[in-house]
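Next, two complexes with subunit A in common: one pairs it with subunit B, the other with subunit C.
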Partner chain A sequence: MFRDAWLVTKKDLLIELRSRILINQIAPYTLLILVLFGFALDADTETLRDTGPGLFWVSTLLVAILAIQRSVDVETSDSAIDRLMLSGISPTSIYLGKTIGLYLQLIILEALLFIVMVVLFDMSVVNYPLVVVSAVVTTLAIASSGTLYGVIASGLGVRETLLPVLFLPVLAPAVIGATRAFGDAFGRVNADGWAWLGLLSVIAIVYTLVGMLTYGNIIEDT
Partner chain B sequence: MVFLGQFPALTGATMNIQQGEVVLIKGPNGAGKSTLLRLCAGLLPMRSGTGTVLNFDLRTQRMALRSHIGLLGHRTGLYPDLTVSENLQFWASAYGANNTEVDKAMEFLGLNDRLGSVQVQNLSEGQRRRTSFALLLIKRPSIWLLDEPYAGLDSNGRQLVNSSILQASELGTTVLIASHEIDKIGSSQERTLLVKGGRIVNDSEVDSEG
Partner chain C sequence: MQRTEKQEFTTSRGTRFMGISLLIGIPTLLIFSFLLSPADDNMDDAVRLIYVHVPMAIFAYVAIITTGIGSVFYLWKKSRWWDTVAHASAEIGLMLCGLVLVTGSIWGRPTWNTWWEWGDVRLVTTLVLFLMILGYLALRQVPANPDLRAKRASVVGIIAAVNIPIVNRSVEWWENNTLHQKSSLTDGKLENLTLFTLFLGFIVVGISFLWLMTHRFRVGWLAAEIETEGIAGVIEERLNEANSGAANPNYQQKDDV
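Then we have the complex of A and B:
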């Protein structure tokens, strides 16, 4: 199962390396969002610092939608999904492979976003391990649910408009938790970031398990 | 009966195909030829009726059947951003085939040398079909389901496809071909089905028996 999953992941990463959509299109969009938030909040540094953790995760979600749509397009634009289904690779392996591929891409984008946010908003981190672990766990929640909802929206034939409507409410609890954990890590809120991380871990595990169990049935119907 | 959305795409298909047969499926556009092939591949569910392919029940064992099927559809199922070689390598790994089989298929279909390093999105339609066809040779499935396999191919490409079909049939592979472009393949085990309005209206084998 994991061999096949890794095969799918490697293929997705190779496609991104060749197409450079992540670097040339999605990454600039990520940065643009953050800069626009800065303008919208009138360059008030204190306000930016207070809202930085929330802005970071909202920006991440917006770019995740693009990355998810891209991940689904790769399989559906020329019916490669049919060939995958006929290949003998199990749906669970396809799901895991696509999730890991999306996860790695999002981590790269988040690292970029993080650096820009820290520099642009002049923020300082007080708890690096909390930042890293909460990013790792929240990104798993985003990638696992995104892979599943991407294919659901694709089957309904109105992916571009429907995906955000389905996907964003599902991730609202994760965004709240991640914002709190980041707020604590940046020393901007009086909250126990590690406790919020516990909630995030449960969300990430549940979404991943649900995806592994249901992805096969969903691609059958799309 | 098979539905595509709410549309009953295939409403009457009774057939019995033996191993090694080459079956030409003819019929006008929208008759249900592609739906019939996708049904046989286990990609579409049946709303009613019964069906067995390679002893796999089409209602309950579609997933297990699929790894034995090679489908060449309207769309190639290739990744446009990857090169021909990268596509073939990926699918060969998925099928459990080795590099020698990839090289053989590429050479047979004239895909080696310069074309191997070209991104699929930069290929002509004929070259894409050849690449897609190479995947059939690499996978070596028990059944070939070919939907308009000659579309976009030049005469050399058509000959290659034809000789592959005949060779596969001689080795016991069952081949179903939906095509407007040919009336005969030249196999000794050849038969023709005519599909119209979602039904098989004529079967050359049944007719000859009658």
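Then we have the complex of A and C:
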């Protein structure tokens, strides 16, 4: 199962490497969001530092929507998904492979976002392990639910509007937890960031399991 | 298809009985809530809101769990009956969830001195649940093949139901991050008339839930019949029209006009 999943992941990453949509289009969009937040918050560095953790995760979610749509487009254009199904790879492996592919892309975008945010907002990290662990867990929650919801919203003619309506509420608790954890890691809020990782882990595990169990039912009709 | 008069109504002896029970139950609950039960030492008159807030919260969970169960059975059995149950229950769940948020907010103002507390996990997750059901119902409204739509809505319904334990247990899991009080029922602090009124609230909200659920299920079932059999009926009608047109020489003339 994991070997097949890794094949799907490699395929998705190879397509991204060749098309360079992640680097040429999605990454600049990520930076643009942060710059616009700077304008919207009146260039007040102290406010930007306080709200930075939240802005980081909101930006990540907005970017994730684009990455999810891209991940689904790869399969739905030219009915590529039919060929993938005919190859004998199980839907669970396809789901895991696409989740890992999306996960790695989001991690790259988050790393870029993180560096830019630290520079532009003049932020300093007080707890690096918490930043890394909370980003790893939260991104798993985003990628696992995003892969599932991306397919749910596809092929209905209303994907652009339906995907955010379905996807963003699902990730709302993850954003709250991740923002608190990041806030603690940046020393901006008085919260136990590690405690919020419990919530994030539960969400990540639950959505991954539901995705593994139900992806096959949806992908047949895509 | 000729529909009988009986099929066009969603009432039955059972729903009439529930309706009459509610006509008696709701005024009785109001009398007990506002006139007979005492004010609380700490919460004062705000305590009267829990007689509907707590039962509605519990039945909102019941509704969403029912949606989850209906969704699982739909994916398993591919039965329209389960899909209609899931859909009907989600609509009632959304209404109850919305009312829980409103009554909770009104209760929170005098008790916590705020309409909304972002640090409270249960409040926030209830809102998230509300938004998730909103998304579920948005998906159900998308014009698409009914089976395809039902299949996808089922997955969203399952995730909404799976979210329930996160909502319900959040107070105990992350006690330091919440203003929300622990369950009023299990800590044994409620006594006599307050407890009785709360249970009366459970009965009234429970019957309301069943009454709404039955009617909404029947409306959903009829709507699905129109959607599927209606199309088949129209095709049959057109085929008959075409056949009679072939036999009738005037048919072509009429079409030309």
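As a working rule, the second predicted complex is superposed on the first by the 220 of 222 C-alpha atoms of A that agree within 3 Å, B and C clash if a C-alpha of one lies under 4 Å from a C-alpha of the other, contacts with A are read in each partner's own complex, and residues count from 1 in each chain.
The rule is simple: a contact is a pair of C-beta atoms (placed from the backbone, for glycine too) under 8 Å apart; a residue touches a chain by one contact, two chains touch by 3 or more.
Because the structure is a prediction, the values reported are computed rather than measured.
In the overlay built on the shared chain, the residue A:Ile89 is in contact with subunit B alone; subunit C does not reach it.
By the touch criterion stated above, A:Leu140 is placed in contact with neither subunit B nor subunit C. In the superposition on chain A, A:Ala64 makes contact with neither subunit B nor subunit C.
In the superposition on chain A, contact of A:Ile176 is made with subunit C only, not with subunit B.
Partner contacting the larger number of subunit A residues, of subunit B and subunit C: C. When the two complexes are overlaid on their common chain A, residue A:Val202 makes contact with subunit C while staying clear of subunit B. Contacts of A:Leu34 after superposition: neither subunit B nor subunit C is touched. On the subunit B side of its complex with subunit A, the touching residues are 41-43, 45, 63, 66-67, 69-71, 73, 75-83, 86, 90-91, 93-96, 119, 135.
Every residue of subunit A that touches subunit C in the complex is listed here, in rising order: 145, 148, 152, 155-158, 162, 165-166, 168-170, 172-173, 176, 180, 191-192, 195-196, 198-199, 202-203, 206-207, 210, 214, 217-218, 221. Remark: subunit C residues 75, 118, 121, 124-125, 127-128, 131-132, 134-136, 138-139, 142, 144-145, 148-149, 151-152, 154-156, 158-159, 162, 166, 170, 173-174, 176-177 touch subunit A in the complex.
On the subunit A side of its complex with subunit B, the touching residues are 4, 7, 11, 14-15, 18-19, 74, 77-80, 82-89, 216, 220.
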